[in-house]
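Below: one structure, written as structure tokens.
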Amino acid sequence: MADNKDTKLTHFDADGKAVMVDVGGKQETRRVAVAAGSVAMSRVAFDLVKSGSMAKGDVLGVARIAGIMAAKNVDRLIPLTHPLLINRAEVDFSFDEEDCRVEIEAMVSITGKTGVEMEALTAVAVAALTIYDMCKAVDKTMKISDIRLLSKTGGKSGDFSRAD
Amino acid sequence: MADNKDTKLTHFDADGKAVMVDVGGKQETRRVAVAAGSVAMSRVAFDLVKSGSMAKGDVLGVARIAGIMAAKNVDRLIPLTHPLLINRAEVDFSFDEEDCRVEIEAMVSITGKTGVEMEALTAVAVAALTIYDMCKAVDKTMKISDIRLLSKTGGKSGDFSRAD
Amino acid sequence: MADNKDTKLTHFDADGKAVMVDVGGKQETRRVAVAAGSVAMSRVAFDLVKSGSMAKGDVLGVARIAGIMAAKNVDRLIPLTHPLLINRAEVDFSFDEEDCRVEIEAMVSITGKTGVEMEALTAVAVAALTIYDMCKAVDKTMKISDIRLLSKTGGKSGDFSRAD
Amino acid sequence: MADNKDTKLTHFDADGKAVMVDVGGKQETRRVAVAAGSVAMSRVAFDLVKSGSMAKGDVLGVARIAGIMAAKNVDRLIPLTHPLLINRAEVDFSFDEEDCRVEIEAMVSITGKTGVEMEALTAVAVAALTIYDMCKAVDKTMKISDIRLLSKTGGKSGDFSRAD
Amino acid sequence: MADNKDTKLTHFDADGKAVMVDVGGKQETRRVAVAAGSVAMSRVAFDLVKSGSMAKGDVLGVARIAGIMAAKNVDRLIPLTHPLLINRAEVDFSFDEEDCRVEIEAMVSITGKTGVEMEALTAVAVAALTIYDMCKAVDKTMKISDIRLLSKTGGKSGDFSRAD
Amino acid sequence: MADNKDTKLTHFDADGKAVMVDVGGKQETRRVAVAAGSVAMSRVAFDLVKSGSMAKGDVLGVARIAGIMAAKNVDRLIPLTHPLLINRAEVDFSFDEEDCRVEIEAMVSITGKTGVEMEALTAVAVAALTIYDMCKAVDKTMKISDIRLLSKTGGKSGDFSRAD
């Protein structure tokens, strides 16, 4: 049990040294990851983002581009990740009117040897940071939360999805 | 009131077009920003991170480097930010034993024309994503939350700090 | 006359070796550069870009972000340029209805030791390439032309502007 | 007709949101793209570039390297492009004596799922910008023009070539 | 004999122009490269690095991350290299007590069309430079030496290994 | 004595955590660093590099550009370095005929708060790696050695120079 893959950190060797793990023996399969997160903000900031997304001052258009570009940049940002050739990346937004939260969802897919969870999660995080940057003159108390993996398909470790 | 800086998105001009705002007239002052966030994880993952931070498998050592490097990379990640020369960057971690959360805090300072909130927030986000990457074989349900600005000093818009 | 600065390539030393020239003795002054260029395309592509810029499919919004980000990236792209801290960057578009051309204009400013011509020109070029990328499924015969410096102020070599 | 691929911008979804399009279902085929462009300059600048390319002050040698490196950097520069593994990149120059123009031609090839038009076009554009940078002390009126795709082979959309 | 591959520089064409060579016709095979190098330093610096690697001030932990990340960055650093998708990267250190030298060894593997010698050598060089950076307040006379390829397997040109 | 700056690693805090050290209080002064190194190679490779540097196949021209660009890239490569605005960068080569060694020397200067040793050393290392890359088809036994700081002027810690 102690040797079970599920209870060991794979990014370290037996001596505890950080390594980029070998994916040479892995299958090239179609893999998809979906991640989500949210930015909570003041009513004033929220209304500005919402109106901008329809007319001028397109905060979410800029955040979408930032998120997609970040998905292509993961191997430079996260030290032990593998470079990879993503097939597709999308970033979507929706509005939680009641709590003044912009909800972010990113989907990334690849035909490759490793999953793209980190790409989807990074797209969400950087889109959220970009929203923060563009709204910070109006609201400095924004909070980025609930960055999490929603689902993951393809690859040996099997599919994963969460309810919330 | 409608023209108040606090209720306008400064990253757009009068026509709603995205711009990198002019900081040419701003003072070079000493500015410090502190941001925080957390990664909630399973007990198993939490214990692995904690033990690793003491002996082998140093998850937090790797995440610290990733966060510091990300603070230097903000102008490439967030579209409308300015390139800048940060003086200092630190990333710290603490453990919330009860809730199995790794708490992250980043501090960045500069003598420059713009604040370093985005640098501190990005350091936190990328450190959190790195922790996620290194623990995801053990726990796919981790959640990154509460990425927020704790305090900010220096600059014309005045100091800011939040209680929580 | 043969030794006149205006008839020598400053990026090479006396032996013809490429160098990044010394700007250590230069003054920090306010400098502004404006560059322009155009993308000629088919009527079909032109109409799609125009309609998109008003409603959905915002080609020019994406191209603007790409141009601004490229202005921050010049020192990585053009070998002998200096890294620098631009104060501001803007990219604008207009439509030449008759010739189906999207006209691009970029303005970059800095308080620094070197001019920002290359930053403005690169912003124009990358915005144009981005328009090309987004329209190439519709028109492969697009042509990017007339990338040129419109004006330049600040710095020892004096102001410059061209009529066309 | 309205739904024809040739009259739609593929980088936007049905709601007009920018996406990196899915190439997961595409074939890996051998693809080659050739692009061209030119830099028009004063006689003085032109002669300096020409003489340099033979003896010392090798403007075109530096521009060639910049163009090749830019071909490898397209996914960071152009927001919705895919990362890809180019097999080969070449940048060539010739002289139009009459009009004092340096003609640039770039060829890029890949065995992959997407074409390399943007890589060839970007190599031309960055080589041209580099020539501009190295000659701008001598001539500020240079003009970069006619950046266009000369030919493209491989891929589902068929071969393309233009006469001029 | 004059045409023998072993006596020609493959990164130049028949006219002496730098090119990124065509690897389109090469086989995708498993390839591994191992490189090594060393940093010689004062006894004081050496003892600090050694003690740090056991307790606090983990110089080698930081240098390992820098080396691994550099292996992913070779196509941006070395002009005529190909972008590639490495499968694995490891950086190891040992101590030559007598000569106060930190020995560095890097191993990189790939399933691809080109070898990964440059990736392994660059990982060693950047790990060495990072050690230098972190120890330079204590010793400015450090020397980085003997960066060399230890072995290489896979690919058409056959296996290679050296004794020292 | 134990607290002497000269016997402590400044890149770690009192708890042994890696930090980017604060340079906010440092003076902006003119600083220059000169570094050197060498690449030893076979007679065949050496002769190819030498002849190329005169006629076609300009190995050293490419290596010079790579070294200069690397000097601008240090803050992305070496984790705890500061971003900075170098004023000037030069890379020179000479030939040690007897030992078939290409000698590399790089000089970098800045008016800033931190020294540029790492920039000069990195320029040397990357120029050396580029030479290796371009000659490796001819000689796999090349060795990069003696990367060291030759001199350093400016800054509080005083001037430094070494004899060899």
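To keep things simple, chains are lettered A, B, C, D, E and F as they appear, and every chain counts its residues starting from 1.
Going forward, a residue touches a chain if its C-beta (ideal position, glycine included) is under 8 Å from a C-beta of that chain, and two chains touch if they have at least 3 such contacts.
The structure presented is a predicted model; accordingly, all values stated were derived computationally and were not measured.
Taken together, subunit C and subunit F share the touching chains B, D. Within the contact network of the assembly, the step distance from subunit C to subunit E comes to 2. When the C-beta pairs in contact are tallied for A-E and for B-E, the bigger tally goes to A-E. By residue number, over half of the touching pairs seen at C-F are also found at D-E, the match among A-B, D-F or D-E. Of all chains, the one whose mean C-alpha position sits at the greatest distance from that of subunit C is E. Taking the mean of C-alpha positions as each chain's centre, the chain lying farthest from the centre of subunit A is F.
Averaged C-alpha coordinates put the centre of subunit B at 32 Å from the centre of subunit C. Taking each chain's centre as the mean of its C-alpha atoms, subunit C lies 16 Å from subunit D. Subunit F has residues 17-18, 58, 61-62, 65-66, 69, 73, 76, 79-80, 83-85 in contact with two or more other chains.
Contacts between chains, counted with the stated touch criterion, involve the pairs A-B, A-C, A-D, A-E, B-C, B-E, B-F, C-D, C-F, D-E, D-F, E-F.
Taken together, the subunit D residues at the contact with subunit C in this complex read 5-12, 15-18, 37, 44, 48, 52, 55-59, 62, 65-66, 69-70, 73, 76-81, 117-118, 121-122, 125-126, 128-130, 132-138, 140-149, 152, 157, 160, 162. Remark: subunit F residues 13, 17-24, 75-76, 79-80, 82-85, 113 touch subunit B in the complex.
Every residue of subunit F that touches subunit D in the complex is listed here, in rising order: 58, 61-62, 65-66.
Residues 30, 61, 64-65, 68-69, 71-73, 83-90, 92, 109-111 of subunit C touch subunit B in their complex.
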